[in-house]
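Scroll down for the structure; my scribbles are underneath it.
In this document, chain identifiers A, B, C, D and E correspond to the written order of the chains, with residue numbering beginning at 1 in each.
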């Protein structure tokens, strides 16, 4: 029952399809990325590829060998473009901030070309940074959007790379005029970040817009009313060379991108995070219900 | 290799060192953390190990247990402690966020080398010397304080020295729970694609480790009550173990 | 007061050390000592000899309770040692260990001072005493006091061990092969010094050695152990050499025991010839009346005159010639014969 | 079928490992994720063992070199210590451009870390060979190499094995950092457990880690016992 | 072929071992050996004696190049050892080390087999040889072959060390205090066995001891070293005892050297009295003609009859009485006097 269970549900079908050779997929190991990677895995297996998935803690890790020995990465448009930007132009380079995915992709086209990476179709599903407070705080202070925090002193619990970034601490301070007294580098949408805000150590926390667990924890997301977040549409990043040899990969993945919505993503994330289903399980049932298999 | 020049730039920029998040302050924090954890480990581990060595029983068991304890990844242990209700992430005096949890994790990490070498050190005091002490009517306490401990001091210190360097190097993981120390520089660097900074942090950690090692080696030499010409037989290294074969073969035939 | 005086009264009759039915079987079943009875008088020097592994060290260590006997009782000065606090007991017993066992982390002087300091002597008194003792064992304090044990040769270390054991003026001294690592010249000197010392101090000594020559030379009585911790003979050196109690002892004291006997037979005035005709100037060598026949013979054989002067104090009492030695030998033989 | 059953139980009452209950010890978790746990354990074991073997293979020539040329002994030991102090967080990413996201990367890192302990213990082991044994071997006409393999190494075994035990146990723990490059064995689970506050996963993986260390330790002790028959039953003598 | 035959021709004249002007100064400045000249003939057994630390071991180790001399040359069989491959050299020289140095990880048989195997002997040959040798040194192979060194007593270990050194039938044997850890009874037996063995095998032996008795008993010649590695005297045992070359040697051989001399003076037929009137049945003990005066005296003194039979093979040749011993002593004295 293992093969039809969690592990690689598509394995049975692959024998039927053509043998398209190996493909290596990498990505970050946080639940949503793992989930999308699992979808890629199953789809590509189904399409006759021999897949190899490597999930790592940080983007740096796989970017060191992508696109050399990594072929496909489930990416976020803003994430990849800004990463290439700071790698190319130094840590202090001005980041791209466009709120529209297509625009961002255009802005980063040179960087992508230079890196020999091709972005496939972007999905409507997007997962940007979002900032939250506790319900109690929101009610007592009358805060529902980020600009309500203007002039207030808060401690921010966020990803380790938050400080100074325009889509994070930098933008909050400069654009919104929030007085951020301290940044606790506790992780992006991590439990530590939630706990820190819930316990009152921090007032403001960083999470993802697709995290379905906030409400059950008594937390509310504040609206990004001044648009400091660059677009973070889901997008498959593929090695240009690989794509040339295997153009069919684009069709396979673009189908998925077309189907996915932010709501889907939120719900699926919840299944992983709350019910502790494995990303593979969740991916499989989603792909089936979406008719992608 | 721009990372190398980046690292050099970072190291040679004054602002990297000064201020609340400067490396000097972080270094100070990490030293505090390291030394506290080491002291606690000594307070806990030495009495047990020395006593077991003195009575000559149970030492092997203590060594084995503490050694197996090493198999718990320090990071996992820290995570467990931070996630748990106690000690959790609470601020702890000058140690900052999750200070208590970090100290506990590092202390447990420091215990095995301290326990092992302290125990072996006492047990290795030559039986002849021990018997001479008994024979002249020393009490257990006198024998321990006047004979066993001074003779064991250098080897005990070598365990402490090993623990010191290892704890220092490992203390960087405090950064993973937003704790204090130079780990922050490293994670910052690597999480923000600023390899130069990350490497600079790693270099500073390594250099301080070597300095600590040298200081501890000096202390170890000072503690050795028997001044002797440097001989290859003596222990200089960060040794966990100690040759016992020679002693054993000597005792044959009595 | 009462207790003291009653002990005082006993003094005359009670042996200093008495072992009755003492046995020791180690945990692994090795029988190291069997049913041992031994009485050692006050001020006596008793040597335990025997082949390696026969239980000499074990016996010694049972006396100061470093090893607990499995059977029997041991009394010191009439008191059963098992009822005494071992720490106190050991402070009243000097102990020279077979493996020397100096404290490697203390200088020589500090090593010797250890015991007086344990007794609560002041530092200056302890230091004075330690210097005296180093002198006594032939180590110049000026040269050696400030060295560490590893800077001394094996023989010198052993001497420090003896000094350390004597430091507390203990009434009883246990010595486990204390001169084992010393070359013969130094050993002979140490033995002489030690005999003089013991005479002076009057300490009761139990002395372990595996060298029968040493035992015969030093011991007031000699206890010969056989393998397995059996006491084969316990008697004066002369009788152990002359009348071995059994085959084992005979073999152990060796085929040349006759010669050894010479070393324990005193020079008898009966064998000295009158000085007539001999001018003292003719005598290349003289010996005292207190030396043994063996020593006299040695001098005689080394001299090419065939005659050696005998002196009592400063006064010449006669000469010893090979004839005299011959007579002495015959006398010794005769004595043995009557003993037999 | 399995899926369905899992779904049903999830609907009825949250399993003991769902985020809502999030218990430390949860047998259900072990059953449901058996494959994942087995795979992680096997990977962990492989990486650890390969790293130790590689490290031993490097440590030997280094130690022998250090012994032959005393002047570079301090250098080799110093370098080994320096390597040890490089945080794994920095070391592994630095290796990736050369060795990819691969088992090799982790193995290299771990081997370097184990080197410190192994080089020292091999040196100490060789030093523990009694001088008189070495002298008599030389006096009997043993050449340097033959003496090393026939006399010194066997006698150094107890001390070297003690070092190997420490190195192995530490490496079991250290293998978890391989998660940085996706080859962390149980470390992948631990890291996930930490990130998602998955207590059962964190606890179970940690326990397996310790169990693995115990097993390897026992194996080494056992093989040492078999390899050094001359040491049996000699401790009782004083 | 040429080389071999020329060596063969030299054999008669070239000493087996020759040290010329050999000196050793250790790195720290300690002068262990000074300007040492020593020639040792083929088949000779030479004992080096001297106080502890006088350079005996150093001298021995220079012969097989475990220590390189700082000055002088050492030749074995006419070849300068410094021009030889040390490993090969050592295989032709048996070496018994002061601290025994058995391989703790090999069983007794394997320890003794080591050297034949080094030579490339087959296992079965080596095993056979090792068994023979264990027998030779008095260790029953059936009992001891399969034990580890630590399961043997100190004395037994030393014997294994001797067996191991002999295993290759080396023409030269260096022995560093090989019987040090053995009690006197066993030591005497080992010495006897060893003398017989050396007689049989004809090996050239350099034997270090600090026991002058042992040196005198074993050595064809005795080299007495003084501290600082000075060779004080190198002569036959009798002359070393009888004519010490200086004060130092005199002291070292000790005050009882006269008695020792007895042990090296053969029993002279001139001192034996005829059997007249004595019935062989009356003789409680008999001795051979090949024993020393000392041994004869020892038997005589132990016997209560005052007379002991002397036998040549199975034939009685006379009796020895104290008078005879007396004459023998005088003769010994006279001999010394003429030597002087």
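We take it that contacts are C-beta pairs under 8 Å (C-beta built on N, C-alpha and C of every residue); 3 or more make two chains touch, one makes a residue touch a chain.
Keep in mind that this is a model prediction, so the values were computed, not measured.
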item: Partner chains shared by chain B and chain E (touch criterion as defined above); value: C, D
item: Chain-contact steps, minimal, separating chain B from chain A; value: 1
item: Chain-chain pair with the highest tally of contacting C-beta pairs; value: B-D
item: Centre distance in Å when chain B and chain C are each reduced to the mean of their C-alpha atoms; value: 53
item: Approximate Å spacing (C-alpha centroids) for the pair chain A, chain E; value: 89
item: Chain centre separation in whole Å, for chain E relative to chain D (CA means); value: 56
item: Mean-CA-position distance for chain D and chain A (Å); value: 35
item: Residues of chain D engaged with two or more neighbouring chains; value: 93, 130, 133, 155, 197, 234, 237
item: Multi-chain contact sites of chain E, meaning residues that touch two or more partners; value: 104, 149-150, 153-154, 181
item: Chain A: positions in contact with at least two other chains; value: 58, 60, 191
item: Chain C to chain E touching residues, read off their complex; value: 50-53, 153-155, 181-186, 188, 210-212, 242, 251-252, 254-259, 261-263, 294-295, 297-302, 304, 306, 322-323, 325-326, 329-330, 332-333, 336-337, 340
item: Chain E partner contacts - residues on chain D that touch it in the complex; value: 130-133, 135-143, 146, 151, 154-155, 228-230, 234, 237
item: Parts of chain B lying in touch with chain C, wherever the complex brings them together; value: 126-139, 142, 146-147, 150-151, 225-228, 253-254
item: List of chain B residues in touch with chain D within their complex; value: 64, 67-77, 79-80, 83, 112, 127, 165-166, 168-169, 172-173, 183, 186-187, 190, 195, 198-199, 201-202, 205-206, 209-210, 213, 232-233, 235, 237-246, 248-252, 254
item: In the complex with chain D, residue positions of chain A that touch it; value: 1-2, 4-7, 26, 29-31, 54-58, 60-62, 64-65, 68-70, 187, 190-191, 213, 273-278, 281, 285
